[in-house]
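Take a look at the structures below.
Shared chain: subunit A. Partners: subunit B in the first complex, subunit C in the second.
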Partner chain A sequence: MTQWSGYLGLILQGALVTIELTLMGSVLALIMAFLAGMGRLSRFFVLRALATAYIEFFRGTSIFVQLFFAYFVLPLIGLELTPLQAGVLALGLNVGAYAAEVVRGAVQSIGREQHEACIALNLGRWQGLRHVILPQAFLVMLPTFGNNAIELLKATSVVSLISLADLTFQAQVVRAQTGNTMVPFATILVIYFILALLISWGVRSLERRMARGLDGVRV
Partner chain B sequence: MSAPIIKVDAISKSFGAFKVLDGLSMQVMPREKLALIGPSGSGKTTILRILMTLERIDGGHIQIEGEHLYHMERNGQLLPADERHLARMRQKIGMVFQLFNLFPHKSVIDNVTLAPMLTKGTPRAAAEKRAMELLDMVGMADKARAMPAQLSGGQKQRVAIARALALQPKIMLFDEVTSALDPELVEEVLNVLWRLCAETDMTMLLVTHEMGFAHDFADRVLFFDRGKIVEEGKPDEIFRHPKQERTQGFLKKIIAAGHRV
Partner chain C sequence: MEWDWDFVWQIMPTLIQGVKITILATLLGSVLAAIVGLGIALARRSPNKALSRTVGWAAEFIRGTPLLVQLYFIFYVLPDIGILLPPLVAGVIGLGLHYGTYTAEVYRAGIDNVPRGQWEAAKACNLSARQTWTHIIIPQAIPPMIPALANYFIAMFKETPLLSAITVLELMNQAKSVANTYYRYIEPITLVGAFFLAISLCSVVLLRWLERRYGKIER
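Showing the complex of A and B:
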């Protein structure tokens, strides 16, 4: 029994790494999503082209290859990254590309009458976006952002392939040391599931808070 | 005789192959209350939208207080207006929409204070004080903290009027502001317009299907058809003794539909 509690400690350490990766990757993904999503809607061709190229490229290639590229190829051109940095970079850029389309779609879903009210009230383009369009669009984005965050959480397991000691990596360590396959993998399965549930709940409660008053019932 | 506050000179506007405005010219004097009537698709809403810079013109000129709206003068030359010029010109004009266009994520008072705080740098306290005065004038002071979704159509429209007034425009454009309302809510909005008429010296342009109100309220009525002003004159002339056949036909249909003139 003492043996298992030590192994559980290992797995919990791995969970911390997974959480860290998920949080940092999500922040990068969120930044990329807004940059590229708004870029897609820009008046300027160059910005639109850059955003489209980024989105298509990172959606169109495998996260696995992107991670290997960041960790093994970038050092060849002088950019040495730690496994954690490479993991955050690959995950953030990959999921950010999907989320960018969420941003674009949500902004476009806000009706023309809201844009016209902004013009009639003489708000500048940025003021209208910041105070009128984006707050409403963000509510539309949230549920899909939740999906994206869960995708990102699950994709973190690929970093075990570049020897970052996340949940999946630690499970393999435990399996190698104990010869037991069932217990470590069942354990991390449950932990991944709990983490995903936490994301779901978090996003849903944020959604409820932000939607307060919008339907005229809850205040 | 003072100078016109709005001078529209031979403007044209097409949506694809459809010519909405065809060489339209008109002038509006300061403080004048103008009713724009006519069948749908006649261009009356389009002219309001053009004055609010929501649609661009294909040709012609518009001047507001003697200054070009869509052009700027540089070294004696007329160039297309840039965004800065448009923003400066928009300060003179406010608009109220058929569907209110309130910001659903902001409370009533925040709807009213947003633009003054952002575009004029009014401090929050001053903006809220002014907003409360305006909400009081439209009879909505007790709903200042409510969200738009909790209001009736008539209440929303009164908030929208207060919101437009907060920027102190010299010209107010009302685009079928009662058309989306249940009949019993129309009057509360029209009463606000009467109050504006009595208490401010704004120039007001009103696109409306409320012929009775147009008759009582307007100094002058313009009848639009197919992108042109077919007939204009004092309300009595237009509603009681229309000269043009098309005006007569339109009014006959409107009366048949149960509108009071």
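Showing the complex of A and C:
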């Protein structure tokens, strides 16, 4: 009889790494999403072009290739990254590109009368964005951001291939040590699913919380 | 390390081999995903509660867990219960099942978009359930969802490098083996990225055309 409790500890350690990656990747993705999303709506051609190039590049190539690029090719041009840094960088930039389109779409979905109201109240561009447009747009973005976060969680399994000890990696270790394939893989599938459920539940409650007080405003 | 064009031309034939397998896997996976998606969408509409609930949960589970782990599961766990699959077949099944759960949502939206009057007209004409589906609903539901389906097929294309983890000799795996033979990472990995970007950009053009030709639906 195999000592499953020890192996379970190993898998839970992997779960911690997966959670850490998901959180750090999400933060980077969120930052990139707002930078690139607002960049695409900018008045300046250079900013628009830069943001579009970033989005098209990261959406057009596979996350897998980006990760390998960050881990194997960047050191050759003098940028040494640990597996964790490479993982966060690739995941954040990739998902950020998808989320940037969400930001753009949400900001554009805010009606013209809101922009006109900002002008009528003599708010500056930044003030209008900060106090009127973004609070409403953010609510529109949230559900899709939740989906993006789940995509990011699932993409973290790829980092096991650059030797980062996440859930999938630990499952492979357990498989190699016990010769049992069924148990470790079934376990991590369930753990991934629970994490995904947690994210969608968290986003839904955040959405309810943010929607408070906006009842009259939203159509 | 310098970029070496001679080396690029030397490895190009091997990479083209990989591209062929990548495209083959994408095409087969797309066909399977289209069929599985339709199956899931129909099962979820079934009046049989047990069937629709079970399929709904299974689809939710597959969508909430990483493709990489599912591939490992198909490739390493199924042989334990006597199903031994060649890598490419396992990969195509993994891709098809995973993306089938996504295309199911597209089908659902497409079917919901068929006006209620059509159902009533079918009933008024005394068509059986089967005739209603094959002659009235499906022909009207499918064309508007073609762009959304194509979108998922492009996403699937970008996930195919994961198949290298279960030893399918597709583009990424060829590049890795070339890189490991010559200890040069910069050209193979960059070329893989370039191939993916080129094919994705072409498919984006195709997608735009499909959108113009068939119109969009809300997902």
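The rule is short, and it goes like this: the second predicted complex is superposed on the first by the 213 of 219 C-alpha atoms of A that agree within 3 Å, B and C clash if a C-alpha of one lies under 4 Å from a C-alpha of the other, contacts with A are read in each partner's own complex, and residues count from 1 in each chain.
Everything below uses one rule, namely that contacts are C-beta pairs under 8 Å (C-beta built on N, C-alpha and C of every residue); 3 or more make two chains touch, one makes a residue touch a chain.
This is a predicted model, so every value here is computed, not measured.
Colleague: Of subunit B and subunit C, which one touches more of subunit A's residues?
Modeller: C
Colleague: Quick one: is A:G179 in contact with subunit B, with subunit C, with both, or with neither? Answer first, second, both or neither.
Modeller: After superposition on chain A, A:G179 lies in contact with neither partner.
Colleague: In the overlaid three-chain picture, which partner chain does A:V132 touch, first (subunit B) or second (subunit C), both, or neither?
Modeller: first
Colleague: Going by the contact rule set out at the top, does A:G78 touch subunit B (first), subunit C (second), both, or neither?
Modeller: A:G78 contacts neither subunit B nor subunit C.
Colleague: Which parts of subunit A are in contact with subunit B and also with subunit C?
Modeller: none
Colleague: Any idea which subunit A residues touch subunit B in the complex?
Modeller: By the definition above, subunit A touches subunit B via 113-114, 116-117, 119-125, 127, 131-132, 135-136, 139, 213-217, 219.
Colleague: Taking the touch rule as given, give the residues of subunit B at its contact with subunit A in the complex, in rising order.
Modeller: On the subunit B side, the touching residues are 52-54, 83, 87, 90-91, 94-95, 97, 99, 101-105, 107, 114-115, 118-119, 147, 149-150, 163-164, 167.
Colleague: Taking the touch rule as given, give the residues of subunit A at its contact with subunit C in the complex, in rising order.
Modeller: 56-57, 59-66, 68-69, 72-73, 76-77, 150, 153-158, 160-161, 167-168, 171-172, 175, 181-182, 185-186, 188-189, 192-193, 196-197
Colleague: Can you check the complex and tell me which residues of subunit C touch subunit A?
Modeller: Residues 1, 61, 64-70, 72-73, 76-77, 80, 158-162, 165, 172, 176, 179, 185-186, 189-190, 192-193, 196-197, 200-201, 204 of subunit C touch subunit A in their complex.
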